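Presented below is the structure to which this report refers.
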Amino acid sequence: MIKNKKIPWESFIETRAQILKQWHTGASEALDFEQSIAYLKSVPDHKNFAKKLRLAKEAGVTLIQPRAGVALLEEHIALLKYLETAGEADFLPCTIDSYTRHNRYQNAEDGITESRKAKRSLLNGFPAVNYGVEGCKQVYEQVNLPVQARHGTPDARLLSEIIHASGWTSNEGGGISYNIPYAKNIGLEDTIRYWQYCDRLVGFYAEQGIELNREPYGPLTGTLVPPSISHTIAIIEAILAAEQGVKNITVGYGQGGNVIQDIAALQTLDELTNYYLKLFGYDDVYITTVFHQWMGGFPADEAKSMGIIAMASTVAALGKATKMITKTPHESQGIPTKEANAEGLRASKIVTQLLKEQRMRSSSELNEEKAMIKKEVNALIYACLNVGKGDLAEGVVEAFKAGFIDIPFAPSEMNAGKILPARDASGKIRILEFGNLAFDAEIKQFHQERLKERGTLENREVSFQMTIDDVYAVSEGVLVGKAKGEMYYED
Amino acid sequence: MNTVVIGVIGADVHAVGNKIIEHVLNEQGFNVVNIGVLSSQEDFINAAIETDAQAILVSSLYGHGEIDCKYMREKCIEAGLTKIKLYVGGNIVVGKQDFKEVEQRFKKMGFNRVYPPGTNIERAIKDIKGDLNV
Amino acid sequence: MIKNKKIPWESFIETRAQILKQWHTGASEALDFEQSIAYLKSVPDHKNFAKKLRLAKEAGVTLIQPRAGVALLEEHIALLKYLETAGEADFLPCTIDSYTRHNRYQNAEDGITESRKAKRSLLNGFPAVNYGVEGCKQVYEQVNLPVQARHGTPDARLLSEIIHASGWTSNEGGGISYNIPYAKNIGLEDTIRYWQYCDRLVGFYAEQGIELNREPYGPLTGTLVPPSISHTIAIIEAILAAEQGVKNITVGYGQGGNVIQDIAALQTLDELTNYYLKLFGYDDVYITTVFHQWMGGFPADEAKSMGIIAMASTVAALGKATKMITKTPHESQGIPTKEANAEGLRASKIVTQLLKEQRMRSSSELNEEKAMIKKEVNALIYACLNVGKGDLAEGVVEAFKAGFIDIPFAPSEMNAGKILPARDASGKIRILEFGNLAFDAEIKQFHQERLKERGTLENREVSFQMTIDDVYAVSEGVLVGKAKGEMYYED
Amino acid sequence: MNTVVIGVIGADVHAVGNKIIEHVLNEQGFNVVNIGVLSSQEDFINAAIETDAQAILVSSLYGHGEIDCKYMREKCIEAGLTKIKLYVGGNIVVGKQDFKEVEQRFKKMGFNRVYPPGTNIERAIKDIKGDLNV
């Protein structure tokens, strides 16, 4: 059974030899640690993800980062440059294509070839492994901002080796968050092990005096995920990363839609992650937060999408997220053009800048929400520790098996898939069906009461139909889904 | 009973729409065989053969739909599914493209009906019922 | 001296005869009260401004309205129809051109002629008086939403006669708010008298069972106006309107930029207006509020403008404004195209709809801000009453003369123009130079302390340079203006 | 001393930019004659004659600039102001138009320099100083 234990150096090195053979680009000399360390040490502070995040947190400002990645290297670089200048991005991403995410490097290679022929990207991201360190270094060298890999890769070991050796100073992902929402039948133990490797790599660089950032992927399925559930995953992945020696971690959260719940979530995410890291003895980890603009279905209309983007930015700024991942007016349609991507960025930029001196202060509503989130996270973490007999890695695997932790709408068979979320009358995400979720009666009652309130108000049963209505709601322009045929009061 | 196979093709993990399509088709009286996300053309075809389905509803959200759906009609015919209806929907190409053109491309590939992003599934069901004479 | 006294019917009728002679369209038979009353009685509820506002307030939803007006009748109608359908507006405006605002009907006529020749609008609004009741009825009849005149006309008597007789169920303006920001040397007594006439007209229709809405113009110069000052004007104009028999009033406020100050302003605007109306014995006036999206200089970039628009919508929704006046991505450039106007509307619409179940609850910061606004408004109203010996009409005239009330950046010579506003460290609008503003020492100290805090933080003098920096700030993408050469921390 | 007349032309009441222009020009050592908002061509010309000004800075924000500025150069010449420099800035036409074209239109009307929306006044002052040899 998997344990939350630092991978011994010899065993890491042994695995590494295997990993680097998975695709021919793994054979590059630039992957020799001597070379990669020297290269990473040459990264200036303003291109170092970890350092820039520290500065932002101290200044109390929310920095912005888009998603972006295309099949062809030159085009990818041109895209990033555009987002840096015309988009005023603070951080750059390289969003990796889905074949690479599933380690299908041959498919990705074909995708590159076909894209060259078609003269447009047929891949939904940048196939970093295929380009190898040489290609990825070009990306890093030709931009002036910190670069991060963003993906959804259950086994990102080769990818991680390549990107860090190329000067990319952050890597998104985690053994749970890049499995449950992104895979169907890959074991959790496996993916946790894979990501322990990725973390160990970052921990190794840390030992060499190189500070890299790691970002557990917060929003999970992006669809009505209650904050306590995504927080629990984020905290566990932060702890697993810290054990491998990671010193700079950004925990994430996807906008839910209720302003107060979202700000409560942002504040508790920071507070709880710090609390648990210290509790488990990881004293020197620097924590920042990332807020994802609405991750569910978008409306087709571009102006309305811009509305959501700026509204989300208001929440991120008032909640003092350190970073925000932006969406674009093309979200509902497909991968955005560079222009659309930059529009989303600039709308976000002005809002975060306008509000940088402001923050949401406590109120009884905010305090109640924060207290609930904390109570729920504590219950979930406790359940994991309990079934893991004190070990969080083992614990989380067992907790998923038992359904003590359960993520709505996830494709993975490792996930019980029994809980159903729905919004309460003010749009806060609550739980309708608990499955085996490790909540006590008091917590459950709180959720049930809130949903009953909504049911009474809307004069209907609290049922799966509410969940469905809520899934559609935002793309139809409201937050709380209304029963079919019911009049929306809007004019 | 009208059996339809649904699923999400390729390396695609978008599960939300798939779960909702299952629910609504069930509600509307279909016998739904849901092979879920990350399904290959073979998975769809095998499921259709095994369950004697009349239609396959392919979802593709993540952008690789154009690559993933190539030769699907040919493979159906090879497997003996000569009369099966093929539907495709979701965000089936990369980026915001003119949908008329996209539709043509997929119709040429042998899909009977092609749906644009964010299609309301209930509207599509009307087409399907018509096509299958339900 | 002017008094806050209902205009006697005979004297109203006498003046009316003169007014209707100001331009040939005043001679229309449709202006006979018998005809206009019958016409107004035929207005269905969903096209009645006053009734729709009531419904919105009860539902707790924020409805939206653009600005729009062009020189040619057919084009103006097409524009409104477009904003109704493609823009999803809830209310329609007819923004009146500047010549009409200054009663220069011959100039407006020339503008119509030249616009026909040029095949594009050379006027900055719709010249309603020139089109007369016949033209204005066409506007009303061809749309499905309530229609309002929005202008800035010191003497809008003829205009008001024409628009109401045409089925336009709301009129923006007031004797102070359409003078001080919109004129240079027209006496306050005169404009108050003109607007008493407009209100008396509405009051007359009210006696006939026709509910029309009146909207004092809230944002004044739109430039760093402290909430207490614009509130005071709004409250006084509401009282003057109520005295003339107006029963449905929408008081307004222009976004300041600090979220908490803006929400405090919205809440106190409603609370104080109701309080003072009752205090003065006007018991049956229905009050709603309107929030104006940022009224100062906009950034040139369209995406950033959309960001401001949606951020403003977030504030309006959380502050539960009944109505919001929207801006457009073309704001910094010029009168928007219909497409740009509709984009601003749709971005606003989705935000107000998403947030319709949410509102900002009290917190100590909000409470403090509300208490300050109330204290300041009370001081200003008290000063007016005092110099007016109990009469608010006389009082406000005297208060302006003495500089007890003073509006920043106003063009009018009736305004002392001695106060200078500036933002504090969190972007709240405070006062730097008080002139003769009727604030006591305690209030002044509060402002001074807040500004000193900012000065210390920015390590510079509290001076007019701060005001200038703040005027430019939003168009440069920040709220609190920074001293020249100072680094903005943004990346 | 370099005297310049500033003001806002026509039925225009936008006062904020005008007040800031006055402040900045003063700071930069100009002798500023501010005739304020709602000023006619005659007001500008009379002020320039009375104060022996070398330049007139016309602001127009509200959209009627094109109508309001017509024949201003001709009137200046008539009044004997044959050498005066004419500048115009603000939002001088209705709507978002191609600025190159707008500039041409106003140059034809006899304006020496034409400024687009949101022009930073300090940058314009550099031009003015150059033109007046300050």
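So that you can tell them apart, the chains are marked A, B, C and D in the order they are listed, and the count of residues begins at 1 in each.
The rule we apply is simple: a contact is a pair of C-beta atoms (placed from the backbone, for glycine too) under 8 Å apart; a residue touches a chain by one contact, two chains touch by 3 or more.
All figures in this text were calculated on a predicted structure; none of them were measured in a lab.
Within the contact network of the assembly, the step distance from subunit B to subunit C comes to 2. The distance from the centre of subunit B to the centre of subunit D, with each centre set as the mean of the Cα atoms, comes to 66 Å.
Inter-chain spacing, taken between the CA centroids of subunit A and subunit B, is 29 Å. Chain centres here are Cα averages; for subunit A and subunit C they lie 44 Å apart. The set of touching chain pairs reads A-B, A-C, C-D, using the touch definition from the header. Note for the complex: subunit C touches subunit A at residues 52, 55, 59, 61, 63, 90, 145, 257-260, 299, 301-304, 306-311, 313-315, 318, 342-351, 353-358, 361-366, 425-427, 474, 477-480, 488-491.
Considering their complex, residues 10-16, 19-20, 23, 36-38, 62-64, 66-67, 91, 93-97, 117-118 of subunit B touch subunit A.
Those residues of subunit C that touch subunit D in the shared complex are 98-99, 101-102, 104, 107, 110-111, 114, 120-124, 152, 181-184, 221, 223, 296-297, 300, 330, 332-337, 340, 409-411, 464, 468, 471, 475.
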